[in-house]
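Note that the chains take the letters A, B, C and D in the order they are written out, and that residue 1 is the start of every chain.
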Amino acid sequence: MKVGIIGATGYGGLELIRLLHRHSGISSIDLFTSSDEGELFSHKYSYLMNIYDTPLHKIRIEHLAKLDVIFTSTPSGVTSRLLPPLIGKGPRIIDLSGDYRLSAQDYSEWYGKEPAPETSLRKSVYGLTEWNREAVKDAVMVANPGCYPTAVLLSLLPAVKNGLIDTDSLIIDAKSGVSGAGNKPNQMTHFSETNESLSIYKVNKHQHIPEIETGLAQFAEKTRPITFSTHLVPMTRGILAAAYAPLADGVSKKQLQECYQDTYSDETFVRVMPDGPKFSTNQVYGSNYCDLQLHVDPRTNRATIVSVIDNLVKGAAGQAIQNMNVQFGFKETEGLDLVPSYI
Amino acid sequence: MKVGIIGATGYGGLELIRLLHRHSGISSIDLFTSSDEGELFSHKYSYLMNIYDTPLHKIRIEHLAKLDVIFTSTPSGVTSRLLPPLIGKGPRIIDLSGDYRLSAQDYSEWYGKEPAPETSLRKSVYGLTEWNREAVKDAVMVANPGCYPTAVLLSLLPAVKNGLIDTDSLIIDAKSGVSGAGNKPNQMTHFSETNESLSIYKVNKHQHIPEIETGLAQFAEKTRPITFSTHLVPMTRGILAAAYAPLADGVSKKQLQECYQDTYSDETFVRVMPDGPKFSTNQVYGSNYCDLQLHVDPRTNRATIVSVIDNLVKGAAGQAIQNMNVQFGFKETEGLDLVPSYI
Amino acid sequence: MKVGIIGATGYGGLELIRLLHRHSGISSIDLFTSSDEGELFSHKYSYLMNIYDTPLHKIRIEHLAKLDVIFTSTPSGVTSRLLPPLIGKGPRIIDLSGDYRLSAQDYSEWYGKEPAPETSLRKSVYGLTEWNREAVKDAVMVANPGCYPTAVLLSLLPAVKNGLIDTDSLIIDAKSGVSGAGNKPNQMTHFSETNESLSIYKVNKHQHIPEIETGLAQFAEKTRPITFSTHLVPMTRGILAAAYAPLADGVSKKQLQECYQDTYSDETFVRVMPDGPKFSTNQVYGSNYCDLQLHVDPRTNRATIVSVIDNLVKGAAGQAIQNMNVQFGFKETEGLDLVPSYI
Amino acid sequence: MKVGIIGATGYGGLELIRLLHRHSGISSIDLFTSSDEGELFSHKYSYLMNIYDTPLHKIRIEHLAKLDVIFTSTPSGVTSRLLPPLIGKGPRIIDLSGDYRLSAQDYSEWYGKEPAPETSLRKSVYGLTEWNREAVKDAVMVANPGCYPTAVLLSLLPAVKNGLIDTDSLIIDAKSGVSGAGNKPNQMTHFSETNESLSIYKVNKHQHIPEIETGLAQFAEKTRPITFSTHLVPMTRGILAAAYAPLADGVSKKQLQECYQDTYSDETFVRVMPDGPKFSTNQVYGSNYCDLQLHVDPRTNRATIVSVIDNLVKGAAGQAIQNMNVQFGFKETEGLDLVPSYI
C-alpha cells in the first residue's frame, strides 16, 4: 500500500512516520511539504538518518492521486483548500488538521477562519474509531478527532448515551503535555517559561469545545453546552481529562462500572481500569491506549470520570492509523501493538 | 525574637529557614528534630553550609518554652501529642502539620488517626491570614492552612460569601507540584515514574476536602459538600486550582470581578489578575503571592475561578511567617517581599 | 522460542517486556521474581493490563532449565549465586546485572562483593555485539554490557584500536538520565531533589570504570587507566558521553571520520553522524541506536568524541535482545527496528 | 541610589529586578528597552503586577547620564555601540553582555561581530569579583563575566595560579540549564525538543573559550589553549562544570584542598565543599554561591575539579550586583544573602 503524508515535518507527521515504520502493510511512504521541496528528510531531522533519507516532495495533485491513502497533518485552514479536488478521486484521506470536524458555522465561529466547502464537509466522517467504525470503513474522507475530544468522548459517551449521568452541568478539566502545541517555537512553548510551571489557557475558548459537543450530539444525542478547561503541563506527551457530573437518579457506581466494561469489552485500545493509588499518563505513554477510571463520591453522588491518552498516538497519529486499518481491512492493532513506555 | 522549628528537615522546615533568614526581626533560629540530635544541620543538608552550621536540638519542652514562637512542620499525628503541654505556656505556636485544622470528628474520619485533645483544639485559630487576621493576632496556637485549602479558599470565599455563585455543585480541580508530597522517597515520588507524567490521586478522599468545607462554613456560612480532585504535576513547586460553579441568578462577570477587587484591594499577597493568554504557577514561584483569575462563559453562565500559589510559600512557610508577623506586630510583608522567580 | 526474565519488575525487565512484545520469534515470556510469587504482573504494574496478565513465577531451576533463553536483570551480587547451576545446562543466559563483566579481582575491588565462581566467569562472553559478535553467537552465557560502557566503548574503540588517538590521558565525561539508577526510591532519585538539578556522583569510583578499561584491553589492547565521571541529568532516559583525547601524531580529522565510517559501515545500530548544530539524546530515544559525532579542535589538536544511547535500550534490554538475535539466528534488527521518539 | 537596567526584558534583566528589589541601597530602578517604549513592565510580564508597574523608558543618553549605576543586559553587539558616549560621564556601568570581556581581536574572531572601540575597551575591568575586587572598585566600566567563565575560573584559578595542576591539557566539560540561551524562542529551546533530552552544542566554538583563556592569562599567567565543551540540560537554571587536569609533580590531594580553602577562606560566595555522595546545581539554586568540590584519582594522579553556580545569579545578575556593592561601598552580600532553594 502506498501512503502519503502531507505536513510530515510537524509532530503529527513525525509520529505517523514512527508508527507506520513497523506497519506490515505499507510498501512506501511519500512525504509532502509546502516548503523545503527536495530536501532529504533526514537532513531536516537527523534522528531519521538511515531510516528516512528520502527527499520531501512538492504537494502536487497528480502525485497524490496515485496513492492509496493520504494523511494530512497540517495547521488548520490548509486542508479545507487543498483536499476538495482529491476527495473521492482515488486515495482515502485521513485529515488530522481539524478542518473537517465541525459544521461550517461552528468552524467559522471557533477557528475564526473560512470553513471547508459544504460539499466536501458532507463527505467527511468523524473518525472516533470505537464509536464510528462502520462509517469510517467506507468513508472517502475521515476527520481524525482532536486530542482532547478523543480523551473526553471515549470517557463520557458510555455514561451519556446510557443516561447514567446528568449532562446539564458537565464540567471537564483537561491537561496536556506541550507537544500538543506543535513544533513552532513561541513564548508559550519556550522551555525556560514552560518548564517547572503549570498553565491554564484558552478558558471557555478552546476550539475543541464544539468538537466535543458535536460528538456528544452525534453519538449520544445530547446537546447541552459543556464547560471545558485546558492546561499545559511541563511534560512532552500525555493528556489527562477529568469529567465531573452528577449521577442520574438511582444509578449506582456498580452500574456505571458495568456499563463501561460492557461498552468497551471488545475494544483493545480502551481499558477500563480498576481503582488504584495512582492513575497517570505514563501508563499509556507511546501507545494507542485510552485508559479510563471511574469514581463516585457517595457524599455528593457525583461521578468523576478520568481518561488518559498519549496525545500524539491515540490523540493523533495512532488513531489515524487505526482508522486506516479499519478502511483497508487490516487487523485494527496492526502497527499499533505497542506496550506503553511506563518508564 | 527567638524562633524554633520542629521538623526542620522536612520541606516546610527548609522553606521556613530560607525565608526567615532574611527576616529582620529574628535573633535566633533553633532547629529541633526527633532524630539526628546533635548533628550539624549543614551536614545533613550541605547546601546550608556556612549558613546553618548549628546542631539539631532534641525536642525538650523546657527548651521550647523559652522561645517566642515555634513553627511545627511535622507529619500529621505528631503535634497533637507534642504541643498540648506548651499551649498557652509562653511561645506562640504556628502548626503547619494539619493536626489542628479540623474538628476532632472530621480529623478521625479523614486522617484515620486520633485527633488532638478537645481542649487544645479549642484554642486553635485557623490561620488563613487574609480572612482571619484579627483572630490570628491573639491566638496562642495557629493552625496554618494546608496548601490546597489556601489556594481554594482565597479563590472562592469572596464569591461564596457574597452569594455570587451557586454553591450546590462546587467542583474544584486542583494540581500540585511534587514537593507537596514531602521529602520521604516512595514510588509516587520516584523520579523515573513521576517525570514526564501527570497523575490524579486520592479522588474524593483527600484530607484537604473537609478543611476546605470547614473554611467555607467558617468564613462564608456555606455547608454543602464539594467535589475536589488532586493531581501530581511533574514539577517541584506550585499549585493551580480551578473551581467551577454556576453564577447566581442575575450576577454578571463585572460584578464578580469587582467583588474580588474590592475584597482584596488592601491585600498585598492576593492579586486579582486581568485576562491574558496565560495564567501559570511560575508567576508566583518562590513568592508569597496568591494570584486569581476569573472567567465566565456566557454560553453556560458558569464561572471558572483559578488560583495559583507556591505550595511551599503561601501554601506553607510563607503564610506561617505572615501569621507570625501579624501576631508580633511586624509589617505583614516583612521577610516576604519576594519577587517571583518567573524564570 | 520460550523466554524467561528474572528480575522482571526492575526497569531492565520492564524494557525487555516492551521490546520482546513485538519480536516475531517469541512464543512465551515467563516472568520470575524473588518476591510477589503468584501475583499478576499487571496487578503490580497496571499499565500492562491486558498485555501481561500472567502471574509472577518463583525462581526454580527446573522451570528455568526448560526455557530457550533467560534474561537476568537483577541487582549485582544475585546472578553470580543463582546462575552457575544453569550455565551450559540448556538455556542460553544473557545477564544484564554486572556480575559477569569483570575479572574476579576487579569485581571484588569495585563492587565490594564476592565475585562469581571462576568456572562460571570463564564461560561468560562480553556482549558488546558490534565488537564481539562471533563469540556471542556460541556463548552459553553473555555478560550484557553496562549502559555507560556501551556508549563509551562504541565511541572509543575505532580510534583506540587504530591508534588514531593518544590513550595516555583519556578523559570521559558521561551523563545519564535517572532511570539508570533503577526502580528503588531513595534520596538520590526523589523527584523534588532530582528535578531541576544536575549532579555529579561517584567521581573516580564508578564500577563501570574497570568495565570500560577491560573492554579497551580486550578489543583494542590498550591498558592505561582512564578518567571517568558520571552525572545524573533530570530526565528519565538517555546517556551522552564525551571522550577527550589528543589525536595521535599526524592524524587528521578526515582520517578519524573515515575510520569510524569504515568501522561501522555495515552496522545498523551505530550511526556516525555529520556535524550539526545539536547532538542530543532524544535522537535515539526509545531506540537501539548509538549515534556518534567526532570533533577535532585545530587549536589543540584534541579530539572530542561524543556518543548518545538510550540507556534502557542499547544500554540494556535492546542490546540484550540484539545478542539473543545473534545467538538464535534471527535478523539482528528483529524486534529492534524502532524509530526514535524524538518528540 | 538610582539604578538603570538596559535590556530589562531579557532574563538577565528580570533577575536583576528580582535581586535589586530587596537591596537596601536602591531608591529607584529605571527600565530601558529598545522597543515597547511606554509600555508598563507589568503588562509585558504580568508576574510583576503591583511590583513593577512602571513604564519602559526609551534609551536616551541624557536620561542614562543622571543615574548612579547602569546595568546592561543586552544581546552581544549592542553595548559596544551604545555605551562609549557614557563611559566616564557619571554613572558606573556594569555590562552583562559580553562586548567588553575580550580583546578586539578575540571578539571579532569568536563573536563574528565588530568589537567595541579600543578606547572604551581599555577602560573596561573584568568583574570576576573574588579575583579582581580592587580593580572593580574604581572601574567606570565593569565587564561582568559570562556564566560559564565564572564557574570555570573560580574553580581553576587557585590550582593554576599556584602551579598545582598541569595546564598543558586542560579539559573542561560544562553543562547549563536552558535559561542560559535567553528568552528568544527557537528550535534549540522549544520545550518538546529540549525536555527529556541532553544536548552537546558549539563544541570547540563557544565564545566563552577565549574568555576563560583570557581570565587564566590575566589572573594566573597561563596561556595554553583549553578544550571546552558545553551541554544543554533539561532544567531552567544551573551550571555544573567539571575540569580535568593532571596534578603537578609531587602535589597531593591535601595540598590541593588546602590551597582552595586558603584562597577562598574570606569569601562568602565561594564554598569549598567536602566530599559527599552528591554534588549538584540545586545546592546553589537561586543564590549567589559558587560551590567547589575537588577530587583526585590515585590511579591516574589526575584532578577533577567541579563547580556549580546558578547561571542567572552568580553567573550574571548576582555577580553584577556584587560588583556594584564593591564599587559603592555596600556590604558585598547586600541584596545577595539568599539561602539556596534546594527544593
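Just so we're on the same page, a residue touches a chain if its C-beta (ideal position, glycine included) is under 8 Å from a C-beta of that chain, and two chains touch if they have at least 3 such contacts.
Which protein is which chain? UniProt says A, B, C, D = N-acetyl-gamma-glutamyl-phosphate reductase.
Bear in mind that the values here come from a model prediction, so they are computed numbers and not experimental data.
Asker: Count the touching C-beta pairs: is B-C or C-D ahead?
Answerer: Of B-C and C-D, more C-beta pairs in contact link C-D.
Asker: Most remote chain relative to chain D, going by C-alpha centroids?
Answerer: A
Asker: Using mean C-alpha positions as chain centres, tell me how far chain B is from chain D in Å, no decimals.
Answerer: 36
Asker: Roughly how far is chain B from chain C, centre to centre by C-alpha average, rounded to an integer in Å?
Answerer: So the centroids are 46 Å from each other.
Asker: Hey, how far is the Cα centre of chain C from the one of chain D, in Å?
Answerer: Each chain reduced to its C-alpha mean, chain C and chain D end up 38 Å apart.
Asker: Do you know which chain D residues sit against two or more other chains?
Answerer: 11, 177, 179, 183, 192-193, 195-196, 234-237, 282, 342-343
Asker: Enumerate the contact residues on chain D facing chain B in the complex.
Answerer: These residues of chain D touch chain B: 11, 14-15, 17-18, 21-22, 45-51, 179, 183, 195-196, 236-237, 268, 271, 273-274, 276, 282-284, 286, 312, 337-343.
Asker: Would you mind writing out the residues of chain C in touch with chain B in their complex?
Answerer: My answer: residues 11, 177-179, 181, 183, 185-187, 189-196, 234-236.
Asker: So in the complex, which bits of chain C are touching chain D?
Answerer: Interface residues on the chain C side: 169, 171, 173, 175, 177, 188, 192-193, 195-201, 203-204, 225-227, 229, 231-238, 240, 242, 244, 246, 277-282, 285, 293, 295-297, 299-300, 302, 304, 306, 342-343.
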